[in-house]
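As written, the chain order gives the labels A, B, C and D, with residue 1 at the start of each chain.
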Amino acid sequence: MASPPTVDPEVFYSKLPAFHVEPLWRARGLMRPAPGREAVGCVWRYDEVRRLLLESGDVVTAAEADRRVLMLLNPGLDGAAAATANLYAGLQLVLPGEVAPKHRHAAAAIRFIVEGDGAYTAVDGEKSVMRPGDLVLTPNWTWHDHGNESDGPMIWLDGLDIPLVNKLDVPFFESPGEDRQLLTRPDDASARHWAQGRLRPLWEGDWQRRYSPVVNYPWTVTERVLRDAAADTDGTPHDGVVFRYTNPVDGGHVLPTLGCAVQLLKAGFRGAAHRHTSAAVYHVVRGNGATIVDGARLTWGPGDTFAVPGWAVHEHAAGDEEAILFSFTDEPVLESLDLLRTAPADRQEA
Amino acid sequence: MASPPTVDPEVFYSKLPAFHVEPLWRARGLMRPAPGREAVGCVWRYDEVRRLLLESGDVVTAAEADRRVLMLLNPGLDGAAAATANLYAGLQLVLPGEVAPKHRHAAAAIRFIVEGDGAYTAVDGEKSVMRPGDLVLTPNWTWHDHGNESDGPMIWLDGLDIPLVNKLDVPFFESPGEDRQLLTRPDDASARHWAQGRLRPLWEGDWQRRYSPVVNYPWTVTERVLRDAAADTDGTPHDGVVFRYTNPVDGGHVLPTLGCAVQLLKAGFRGAAHRHTSAAVYHVVRGNGATIVDGARLTWGPGDTFAVPGWAVHEHAAGDEEAILFSFTDEPVLESLDLLRTAPADRQEA
Amino acid sequence: MASPPTVDPEVFYSKLPAFHVEPLWRARGLMRPAPGREAVGCVWRYDEVRRLLLESGDVVTAAEADRRVLMLLNPGLDGAAAATANLYAGLQLVLPGEVAPKHRHAAAAIRFIVEGDGAYTAVDGEKSVMRPGDLVLTPNWTWHDHGNESDGPMIWLDGLDIPLVNKLDVPFFESPGEDRQLLTRPDDASARHWAQGRLRPLWEGDWQRRYSPVVNYPWTVTERVLRDAAADTDGTPHDGVVFRYTNPVDGGHVLPTLGCAVQLLKAGFRGAAHRHTSAAVYHVVRGNGATIVDGARLTWGPGDTFAVPGWAVHEHAAGDEEAILFSFTDEPVLESLDLLRTAPADRQEA
Amino acid sequence: MASPPTVDPEVFYSKLPAFHVEPLWRARGLMRPAPGREAVGCVWRYDEVRRLLLESGDVVTAAEADRRVLMLLNPGLDGAAAATANLYAGLQLVLPGEVAPKHRHAAAAIRFIVEGDGAYTAVDGEKSVMRPGDLVLTPNWTWHDHGNESDGPMIWLDGLDIPLVNKLDVPFFESPGEDRQLLTRPDDASARHWAQGRLRPLWEGDWQRRYSPVVNYPWTVTERVLRDAAADTDGTPHDGVVFRYTNPVDGGHVLPTLGCAVQLLKAGFRGAAHRHTSAAVYHVVRGNGATIVDGARLTWGPGDTFAVPGWAVHEHAAGDEEAILFSFTDEPVLESLDLLRTAPADRQEA
């Protein structure tokens, strides 16, 4: 192999596009020293979003009612439908009588009920009536539909992995044009049969799927467990008395792409500063407090939703009364791909 | 290699012992066509064993009080301390004020509370007060001690893997001569922190051990779950509405060598006949019924204990009212070793 | 809750940005019915890219020599440094005497040696001398450096998960300014100690990491195994005699984010059409053939690299002589996230 | 509950058998402080056993020829067909023209070829021709048969889990009366397709079984790997350069109940003393040496077989030349049941 002939750089570079190659030595930012953290910490006030949702009644046509969702957009992400790099969040209003017809998609979803009582979601043949604080799963490619058979409005927080699924370019969606799926099991059967995650219902047989068989994790249970534990312990330095919702079949995350947690911060709790590559969207179930995210103080109160992007330094603090936060996260994704990294951080001024 | 010289069989065989070899071609029964099933189906009546236990007060010295256990011996096993080939069972009486000092052993144990209220078991730094129907685990090599601080007698069923551990010749036992272990956690902390098996207490950290972190699975929970499920389903053809107790960390059996289950047989239930290589010891929590084991009908009522040996054809039937059975089994052993085998069977006459 | 007041849509929508919310009912394309497949099937001819690489000698300064890589850009991805949605590929030239100083990054890499003999890569304390066909792993966050101590040029194919790591926004990079890492093990120790994946070297101890302990999978072994198998079998309908490179510790993929495979297509092989959400970049080790990708026929010969995007219908065909293809893929990512989907397809005309 | 009436101990104890209960407080040795170690360290000299095997020709009838095995009996186990508590070992002679008809059993077996060349074993549709040093697996319930189509005698070491399977009382055996099973795959296909444990043959599909898919682990490979590694390392303090044979599908033991290993002790090697609850049967492939077992020095040379019982303190030493030992063990059993325990020990005098 002889030494290469002298070449004119300009000529050289101009030739490359025709061959679909580009020089790495001129590429900038291909491997960055740390996450870019374009997403920022931010809060969506419940009273504001709720008011907008109610106003939207006149704007949304009847046919679109099943999509009456205000998506929560991270101000740092340039208009992308994302609350953090990989997480979508939205607040949905469902009025009495409205339904969302049966459909399924590759994006996995969780919903956390904020307000109202008695609407249902049906998932893979099981219908579940939802109440505030309930966590409902609609995993990847499961048939689901919902409707409000109660006489009041329902508002819930939707959490999805849409940004992830779209970035990976593996979306799928089907909507066969039927209002409701066939119900093949008693209402809320999974919540009841797996009610006590430590007792496995053997008549349910093997469970080969990768997500939790439980459709609805009811708040009545969650709250009692949280409160009982809080009587014993202060929990972790970062997150207080914190539980991860798990798949009772294997003890892992509820979904392969979304994790969920609930935490109780005792009155006056001041959490340790830290960061991790996973991001989270928090919903305030109860109490007031503040979370400092990369030096910015986000105050929050009941019903508010706030985002902590991946690798952002953050610390939670409760006000004078205890606070309870629900959250969903992309931690399972980063864990599976061996890209989860955690680090302590210095206490922030804010 | 020349053809071997002519040998006199008698001479030949007489030489072998000196070399510690024996001819396979004269061995009989080395590989049998199916389990020998020396253990038989049998029932221990609660009223009888209870009466004997109470009588034993005069016989057992104070120093031996912590061993006031009547071992349930399978009539087919020739006096071995075993209820089935691999399972030990015993009924223990603990009188007010009695204690069993701190110790640990390689054999793993479960105890299921039959009668009395308020004695405690302490396991690995956690004390748990026990009530009827509670399932308490003392896994392999965990420090444990117990005592009766109540003012009434306590009776519980002990289930252990002693026959297995002894056959494998891997026993270990330590008794350091201290009455009580140091308590390092709030009483019943594990039951409370893992109360809802679907919620993982993150402050408990990683759990690297091979057994459930839960010391006590309280009956109040078990019964409610059982009852709720029974309103929905008839469960399995063989066992009715049956739950396996699981390790909430990974959804597996509570111990690597012992599995536990609880089942509700509805009034009039008649189970399908079947068999499996795993054996089980059942305890009747409530109700009357009968189990046909290899053609023999075992009737049972409240408090009775009965054994179904491995590979015995069996079918359960409830009487006119619902029955609830607790059981422990060597299924995890056979599963781990790929020696679990299940087969349907013809309905038996008995 | 009263019916919402009448609102002017224009006014309504104009208010939303201030609250960082947007209407889902006006969002388009959030959940698409199937992968968008912007990436297209394409081939990079080895003679062309090789010539450009050699020409680049005059253009790349000495200091940049360790980045003398021509990145292979998928024409459908609008200039992104990506051969498929999630995979980066590049051809690197290393001239005698050149070195790449010690560094590490969150992006995981594989390199497959195309030409030359005798340069080395050092990974986590072990140096490996590379020869054509060798597969070398530099997993997520492992220290690595390389250099050409031979007297000829080396060319290899780099495969990385850069697009994935960047989309997830979890990049990390460190370059401490030292030319070489300390070597703590004999050269090629891992290849030798794990040489026979079925024999586990017990002195290596537990392996807790999530990637294969093997630095170099040498071609001499790979080729022999491939050839022996081809004497027995035609392999799979889609891919002929195909092997996945695995982590001998657990039998899984070599890296959590990148899978590798090698396949032999017998002379005249015509593979079945199919598709899967995972994408692959193929490198032709030997032989000629063609792959039809979404109806476009890509012909290929020795040294060529070609891309098959996720969900593209594809079928491979060998020419009159056998062909051998190496490939790397994002299959482990989609598998872990439960987003891997496979489907048969009709034979294509092209 | 009133205090129990005064009872006469003699009367009391005499009543118990009728109720199938016995007092724990009079039971001795139920939970021992440590393994009883009835099995002892012992050696079976190859020249002696071989001579006896050859002599047996006149004693064994033609019909029994397939069982011409001298079982190696541990002198401490009172005539049980066991080399250690859980392991059976036997040396088998198969003369030219002899066959063992197709059968299967729950007991799992390995065979390690000692002498002769060219007999075959067929397992689950695959025939493998065996040569000295080859390890052949006949897992639990796989159909197998063997025959000697060569013109010389074959001798191999049989290793089985018979004592375990019998203690657990889960034997099964079937012998349908056909000489040979149908061969459904090319001879030695598994050895070839999984030849390089790090390359997974994808056309073999999913492998759901719990044992290795490889029928024969050929000595030619084993020896080369052992020798190459020995050039790099001294291996572990206890066992020198030691490899575990693994199941390439998951990296685990070859069988759920039997593990296999091969180790090279360099000339003059003196291993550290230690013990573990698992037992092993060793076969000397090459070299001379000695193993001290619970203070007794066992010298060994080529072809000899020796046993190290569970929990026996042991240390291996090679003579003036390197030694190679093959071994099989019940380690997987104890590991699965969480009963594996290891401890260092003081150097022994012997």
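Going forward, a contact is a pair of C-beta atoms (placed from the backbone, for glycine too) under 8 Å apart; a residue touches a chain by one contact, two chains touch by 3 or more.
For reference, the UniProt names are A, B, C, D = Cupin 2 conserved barrel domain protein.
Computed from a predicted structure; not experimentally measured.
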Chain-contact steps, minimal, separating chain C from chain B: 2
Centroid-based (C-alpha) most distant chain relative to chain A: D
Distance between chain centroids, defined by C-alpha means - chain A, chain C (Å): 30
Cα-centroid distance, chain A relative to chain D, in whole angstrom: 52
Separation of chain A from chain B, taking each centre as the mean of its C-alpha atoms, in whole Å: 43
Contacts with two or more other chains, residues of chain C listed in rising order: none
In contact (per the touch rule at the top): chain pairs: A-B, A-C, B-D, C-D
Chain D - residues contacting chain B, complex: 1, 3-7, 9, 12-13, 15-16, 19-25, 27, 30-39, 42, 44-45, 48-49, 52, 54-60, 64, 67-75, 79, 81, 85-86, 90-92, 105-107, 140, 152-153, 162, 164-174, 210-211, 256-257, 277, 310-311, 333-334, 336-339, 341
Of all residues in chain D, those that touch chain C in their complex: 186, 189, 192-203, 212, 214, 217, 221-222, 224-225, 228-229, 232-233, 235-236, 239, 241-251, 261-262
